[in-house]
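You will see two complexes here that share subunit A, one where it goes with subunit B and one where it goes with subunit C.
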Partner chain A sequence: MSENLELENVSYKKNRQEILKNINLKIGKGKIVALLGENGAGKTTLMRIISGLAKNYHGIVKVNGEQDVVQRKANLSMTDALKGLLESYTIEQVKNFFLSLYSDFDIEEFEKLKDFMKLNDEMKLSQLSRGMKQKLEIALTLSRKTNLYLLDEPFSGIDVMARKRIINSILLWKDPDATIIISDHFVNEISSILDEIVIIKDKTIYRHLSADDVRAEGKSIDQYYEALYEDGGTE
Partner chain B sequence: MLSTGEFFKYTFKLKNKSVNFLLLLQFIVAIIGACWLAIYNSKLTLLDKWSMGIVMVEITSIFAIIIYLFISTVSNEKINSSKTWQLLPISSKNFYLVNLFSSVLNAIYLVFMQVIMALIVLIPLTAFKEFRKGVGLTYSLILKRMDLILKDVLPISILIVVFMLLFLIALYLFVTTVNFVSTLLVEQLSKNNSKLARFLLIVVIVVITLIIGINMIDLAASINFFSSNTWLQWVRLDGVMIFIDLIFLFLNIWLLKNYHEGR
Partner chain C sequence: MEFQDNIPIYQQIQKYLYRQIALGLIKPGEKIPSVRHLAVELTVNVNTVQRALNEMNNEGILEVRRGLGSFVTNDINLITKKRQELIKDTMSEFLESTRQLGLTPEETLKELKNYIEKRGEN
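Presenting the complex of A and B:
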């Protein structure tokens, strides 16, 4: 088994609308993958299906070969806005939540990432700016030692310098076999670390290709992505 | 994987903090209320003034329980509907049961601590001869009627306590069902998640349930379900509550597993 993620004929409807259809995707171990698409294309929904948050979908989803939703959750880590916790919670209390309930949560890794993100334990969630909250989400997500990481627009509120530092450091701490899927609009900034790109368009996987193949054509990834929409989808 | 035991331990402790805070608040309000009553009624004896403390504990207990029920149902639904909590690697069934029973156990803890509070307030009253005399009389009465108490009063009291517990569980289950069903209906029937539509659905579900409940009680009365034998009546009521609780429990677990998504 060399894939960390497999999706077979996955479809999903909500509010009487088809959101995704005929999703077939396989992503191998150790890959960093960009999940691209316009707003409302279904990127977040796809991540929610993979993580088991979205229910009543059709098709097969496997994470590290496991189809059972509890096993999938145990094998992945996803960014989360922490809305389920009280705004009066301090970072210390959030840390304890993760430490108590996730057996794969690495406290030492979290302390390093927390210092890297310039956060401290006494800060309350209500006191954090949007960017600081996203840094906390990234630190918590990456501190879990799992096979698959789902980062859903993790950098949107973070300043450009901090974004560059965080993106460049992902390669340093990442386990060689762990797969990361990043959904983000800052294509240009994450392109240097990408192995593959997956583009969602018209409710399905429009393209799934290697980043090196795009670069071999002499294009940057964001140029390739923009071209798809300018030409109405033709290459 | 997250073990059910570990999840229960964390959730119980988390909810227990708000129960302890509520107890502290209740204690302070009871003291202030008792002092105010004692000062206001200056012609009362010292025994009567101190007894105001018991009265205030009893009155504030009712409010504390109502406040706890409100806080805990809101907290339960926040957990049930939250992405943060639904991402935890635990089955929907165990997730729901832990969330439910950690609140139920904290409710029992709240009542237990209120009884302790009342007993603590009673201790200084033992310094008064009249109080000790009253306690002694009550105790000897109980001893004289011990057979009757053990044969009739105790079993019926146990059945009543069980009924209250099952009713408490039913309350939590019902709130969850309303939350899950209204969300599901809005998602299935409308193109956007309208808050107004959901509110109206909640009102409709609650009204329909009340109408069904009232009709069921009328039906039960018409077939002499409520027996003149008190013991049998409470056994039947407990049986009905268990049945209702199980239906809502299985429904909620099924909805959580198959439809209700965390946001």
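Presenting the complex of A and C:
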């Protein structure tokens, strides 16, 4: 059993509107994968289906071989961590909340990441800029020791230096067997760390291939991705 | 290190390590940095570094020892040969770019000599 994530014939409708269809996807252990697609293509929806937040989908979703939603949630960590937390919380309170909620939350790891991201315990959520919140979410997400990490547009609204810090922290702290899926609408800065890319287009998995295979054709990943839209998509 | 975005990263890592070996920055028989260390230093992922090391292991330039790390070969001839290959590659890339400027190899040589002689003057 070498797959950390398996989707079979997954489809999803919302208000009778088809959002995703015929999704078949297998991602192996230890991979770093970019999930690419335009805004509204369904990247977040796909992550929410995988994490069990979006219900009423059709098809099979397995995380680390487990289909059961509770088991899936235990086997993955997603960057929607700060949703629903009070703005008056300090980082220390958030940390304690996570500690009580997740048995796999590694406090030492979190402390390291927190220092690395230049955050401290006394800061209140309401005082954090968008970029700092994003960093906190990433620190919280990566501090769980689990098999699958879903980072939903982790770099939006973050300056270049901070992106580099985050990318370095991913490389430094990733367990060799853990799989990371990062969604975005371009890959530029992260392209060097990718194993594979998955492109969502026309409501389904339009392409799934190795990053170095794209480069072997003499194209950058962004060029390849943009060309898919220029070559007359369905829109 | 800045990577070119349209060439497989594992090949660029190989080239980077070849240069280090050819320049003697990593000596014959010496252990190279760990996969994780190289991944962080070069901002690439460990699988890509591993692939580059495996390719170099297949070529005999590196010896990957399970659990111990990767070591540069003690075979000096092989290293010299690899260095010659790198020089050849660089020359052929250079000649290709001067060819695109309409220069024959002979003209290129003349221009190059000229350039090297004058370079010191400024």
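The criterion applied here is as follows: the second predicted complex is superposed on the first by the 230 of 235 C-alpha atoms of A that agree within 3 Å, B and C clash if a C-alpha of one lies under 4 Å from a C-alpha of the other, contacts with A are read in each partner's own complex, and residues count from 1 in each chain.
We take it that a contact is a pair of C-beta atoms (placed from the backbone, for glycine too) under 8 Å apart; a residue touches a chain by one contact, two chains touch by 3 or more.
Owing to the predicted nature of the structure, the values given are computational and were not obtained by experimental measurement.
Subunit B and subunit C, once both complexes are superposed via subunit A, fit side by side.
In the superposition on chain A, A:R215 makes contact with subunit C only, not with subunit B. Taking the C-alpha centre of subunit A as the vertex, the lines to the centres of subunit B and subunit C open to an angle of 160 degrees, rounded to the nearest 10.
Shared-chain residue A:L82: touches subunit B; no touch with subunit C.
Of the two partner chains, subunit C is the only one touched by A:L172; subunit B is not. With both structures placed on the common chain, the touch criterion links A:K31 to subunit C but leaves subunit B unconnected.
After overlaying the two complexes on the shared chain, residue contacts for A:S191 are found with subunit C alone; subunit B is out of touch.
Per the superposed model, the minimal spacing between any CA atom of subunit B and any CA atom of subunit C is 28 Å.
Shared contact residues of subunit A, touching subunit B in one structure and subunit C in the other, are absent.
By the touch criterion stated above, subunit B contacts subunit A in their complex at residues 1-2, 6-7, 10, 78-79, 82-91, 187-193, 257-263.
Of all residues in subunit A, those touching subunit B in their complex are 14-17, 48, 51-56, 70-71, 73-74, 78, 80-85, 97, 100-103.
Residues 30-32, 164, 167-168, 171-172, 174, 176, 191-195, 211-213, 215-216, 218-223 of subunit A are the ones that touch subunit C when the two sit in their complex.
Those residues of subunit C that touch subunit A in the complex are listed here as 3, 5-11, 36, 39-40, 42-48, 51.
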